[in-house]
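We just call them A, B, C and D in the order they show up, numbering each chain from 1.
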Amino acid sequence: MSEEAKAETTDSKESFEPKIMAFVCNWCTYAGADLAGTSRMEYRPNVRIIKLPCTGRIDPLFIIKAFENGADGVLISGCHPGDCHYTTGNYHARRRWIAFKDLLDFTGIDMSRVHFSWVSASEAIKWVELINNVTDDISALGPFMDFKRLNKKEAE
Amino acid sequence: MSNLYIPHLVTIEDIYEETSDIRSFKLVFKDKELRETFEFKTGQFGLYSAFGLGESTFCLASSPTRKGYIQCTFRKTGRVTNGLGELSIGDTMGFRGPYGNHFPIEEWKGKNILFIAGGIALPPVRSVIWNILDRHEDFGNVTIVYGAKTVADLVYKEELRHWDERPDIKLIQTVDPGGETDDWQGKVGFVPTVLEESKVKAENTIAVVCGPPIMIKFCLGALGKLGFSDDAVFTTLENKMKCGVGKCGRCNVGDIYICKEGPVYTATQIKTMFADF
Amino acid sequence: MGKMEKELREKAKELLESGEVAVVIGYGFNRRKTRVTPVFITDPAETDKLVFNALCVNNLSIYLTRKYKDVQRIGRPAIVAKGCDIKNIVVLITEGQVKREDVYIIGMTCEGVAYKQELLKEKLVPEIMPVKCHNCDVRNPHVTDTVIGEKSDFTPPEEPTGMVFDKIKQIESMTATERWDFWNEHFTRCIKCYACRQLCSLCYCEQCITEKNMPQWIETSAHPRGNLAWNLIRAMHLAGRCTFCGECERGCPVNIPLNLVNQKLVLTVKNAFDFESGYDENVHPPMIVFKEDDKESFIK
Amino acid sequence: MTDRYISKESLGTLITTVNKSGGRFVAPVLDARQVVYKEVASIEPVVDDYILPRNSYKEVAFPQTEVIYKYELNRAGVTIDPVEIEARETIVFGARPCEAASLASLNSVFTWDFIDETYTKREERVVVLSVGCINADDECFCTTVNLSPKSTTGSDVALYETDNGYIATPITDKGKAFVKTYSASFADTPKGEKRKELIDPEKIEGVDLTKLGETLAKTENYDNPKWAELTRKCCGCGACTYSCPTCHCFDITDEGTAFEGERRKNWDACQFDHFTLHASGHNPRDTQYKRYRNRFMCKFHIYPTKFNSTGCVGCGRCIRVCPVRLDITELMEAMSK
């Protein structure tokens, strides 16, 4: 069954389990998520984490690629400003996101599906809350059909 | 007639790691009937698919005299070849072919054959070598000059050893200066130089040259000095190909489509082509 | 314009004769003298081919980039450049692609050019001028070795005006779905000829991201998905660098309004980082620097 | 078969009839401020005041991007699911006599020993209704390549504009069959309806196709410095090749994951620098003039000598669309000397 058909047969939003891609930095957010895990905190299982050395490595392409491959939401997270393991990576990343967010918004990509956050290595609780909130938000929005329709359109 | 671009499925029956980045596959068609009937001529090539990554062109490195399987050798450099580099025995890949022309070995009967190859260019020559060795009684002396950058870059090491031991073949191996190891038994020097020093007799001899464009250029010069006529020198041209059947328009050298009219040419033909390679 | 052309030809001749430059990159007429095309003058006797008029729409700074190895091989170039073209040369200098001393800039004062050559019938009228010309603050070129032409006394409006700005406002007032539909309608037409990239002097990468195939980040097929990815990333790679010269839109054979995305990012960069591209070769472009207190409101 | 007549109203009915019978009707329409060939369901969007549409109608048989097959990795290995080639009857209305010659040229490539079904299956079902030109612009040069608004090569039915409709001359068997099938739309020419005068574009005096062919055939001219001088300005985009009715280059590429995806046949352009790049890093056409030279050779040497067909139909699209105004006729002139 195609993604779309699957999504369309999902009548009630409760049974919809969103796919969320999280691009996180190795040193802060991943460590934070790790801490949440080792502390046996429970959070929603909808998130698939991709670990990168630094938020500075998160190319805008990743977001587009995630949506192309069927993500319903994307989360990007790294060290708080000033805490970057490589001193300035997250400052550069922040500038890039400021521009890219405007571009995405301008081209009509639903910005409520893209979340940005700072989560440090000690903020396991914040991570858990973040994931739960993002998952709830995106569950409420339902499946992200824009890109999926695009996929279908090109197959015609 | 079915769609040209749909490959046959083949299973990887064996993998040989030739060097750190060169691999050979022994491939068997999934289709039983095709396994029996598939035929090709030495010098032809095929397009090999790694699903999800695309197609690449390599020659058929096995000899048509060995039935039931085909063999290919490639260097892991691009998207497809790296993908193929990750496959294991038993995996499935795609193959379509054989395409292109071939070495006219039937016309070479009774003649001595001189093979010259550099680096990864031994595979196309290997097909001819085995084809000739399998019916050695039809041909004269066989001489092989093979060189690579370093000892580690020599491919088909097992077969080189085998050929070296055979009394009916003269094998000259060489590596580029600086590429030798302490226990290296062969020569040190570039292929064209070694070729010239070998003093191979041009009389009643056919030369088959394969290698990078620059090596071919100098080898043609060296063969000229040894007294070979251009008609007796055969080489292959390689260009990027996508379709393999003369449609996609990228392998042409001037007005010659390598995939359809090549890849095998005599030195005479090469010298009259548009300088586009 | 007659006087300017005369001055230009004399200057070009002088530069070539003295050996100061090996080639003058300028504009010349086609056979029928109906259209203007880039010319490369190496012989002082041929400088009469140079023209300058409202048909001179091309941004010749593309020929200074490393994509044009056979142009570079000729030797030191002099380039005929309008103020807007000089902005691109400035960015090339900032980004280390061209050394200031390696290029002789013949700045042309300019009263505007046509949006596309086909539009010019007899006289240049404001209606056929691109938005950049209406808001131009470099009609007197800013970074030059010599200036040709009389000083222009045009002052651009305080607030930039024109169709592009109006349209951006209109798009911003749409809903996300409307915007998505608007852009997909345009991007779907894309034929992936890459004229936008090839005409952009700031797209000088020898291997474009779309040609990188391990992995294949941007699908090369011209289907809606591949087109969207390509157009978004092309715009993003020009964020903080684009000088709004408008060449990509002019060259687009299927009329995708690329100026809208480009200008949107120009505005974003101006508002967020107080930076305008193409004025000062000694200021770093905004995407390679940062401030610790860059303002944003969306990172939670 | 004698000349028939189709009024503008009947053309409207023809469009709906073709659509109803499952066929495609492709005609010039206005889209994003330019005239392009597009599928239409009614006559409303169809325009008749144009020189040439921006795109070439080769798309109907050779689409810009198409799926050859889908693959899926599973326990059994790999399953290949070939995509059936959709071969609907396709009517191309409003083609200009110059480019009508182009499908025959593409045919010669796509059937050269190996038959490319993805093309031929569609091409077999294409009916070309050409409309003679009553206008020409500066970029038109069909008369220079021995074609003209009067030529009928490649047209199945040649149409000639009148005040209220078109006079239709069936040329090929396919065209005759078409007129027969849709005979309800055709009638006898009413009195007073006369062909409008066809306008020839100006012939470029300096071009001599025979000489041009001879020049190109000589290998020593391959390194002529003129190539670099005249094409240095080429910016290396694919606008010319993608608008050209006879350009046939394509790419075969995979899209998808290692588990499932598809293989596609996409247009490609010899003007791109990565087109001929070898895996080793060697590129036989490493500078732009070599790539342009290849395109030019393809049109005026390879097509005529190898395939015995027209390489360039003189539609002038490549000149109109070129962002740096590289004029192929200037090169033809220079190489005719």
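Note that in this section contacts are C-beta pairs under 8 Å (C-beta built on N, C-alpha and C of every residue); 3 or more make two chains touch, one makes a residue touch a chain.
Worth saying up front: this structure is predicted, and the values here are computed from it rather than measured.
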Checklist outcome for this item: In contact with chain B as well as chain C, sorted by label, we have D
Checklist entry - Closest chain to the protein CA centroid? => result D
Checklist outcome for this item: When B-D and C-D are ranked by contacting C-beta pairs, first place goes to B-D
Checklist entry - Counting in whole Å, what is the centre-to-centre distance of chain B and chain D, each centre being its mean C-alpha position? => result 39
Checklist entry - So what's the Cα centroid distance for chain C and chain D, whole Å? => result 31
Checklist entry - How many Å are there between the centre of chain A and the centre of chain C, using C-alpha atoms for each centre? => result 35
Next on the checklist: Distance between chain A and chain B based on Cα centroids, please, to the nearest Å.
Outcome noted: 49
Item to check | Per-residue multi-chain contacts in chain B, two or more chains | outcome: 78
Checklist entry - Considering chain C alone, which of its residues make contact with at least two other chains? => result 216, 221, 223
Item to check | Per-residue multi-chain contacts in chain D, two or more chains | outcome: 65, 251, 253
Item to check | Parts of chain C lying in touch with chain A, wherever the complex brings them together | outcome: 168, 171-172, 174, 176-184, 209, 217-218, 221, 223-226, 228-229, 232-233, 235-236, 239-240, 261, 264-265, 268-269, 272-273, 286-288, 290-292, 294, 296, 298-300
Item to check | Partner chain C, residues of chain D touching it in the complex | outcome: 31-34, 54, 64-65, 138, 228-229, 232-233, 235-239, 241-243, 251, 253, 255, 264, 266-267, 269, 272-274, 287-289, 321, 323-327, 329-330, 333
Item to check | Contact set on chain C toward chain D in their complex | outcome: 30-32, 34-40, 58, 62-63, 67-71, 117, 186, 189, 191-195, 197-199, 206-207, 211, 216, 219-223, 247, 250-251, 253-256
Checklist entry - Which of the residues in chain B end up touching chain D in this complex? => result 1-7, 9, 11, 30, 49, 51-56, 75, 77-78, 81, 83, 91-94, 212-213, 238-240, 242-243, 245-250, 252-255, 260, 272-277
Checklist entry - Which residues, counting only chain A, touch chain C once they are in their complex? => result 60-61, 64-65, 68, 81-82, 88, 91-92, 94-111, 115-118, 130, 146-147, 150-151, 153-154
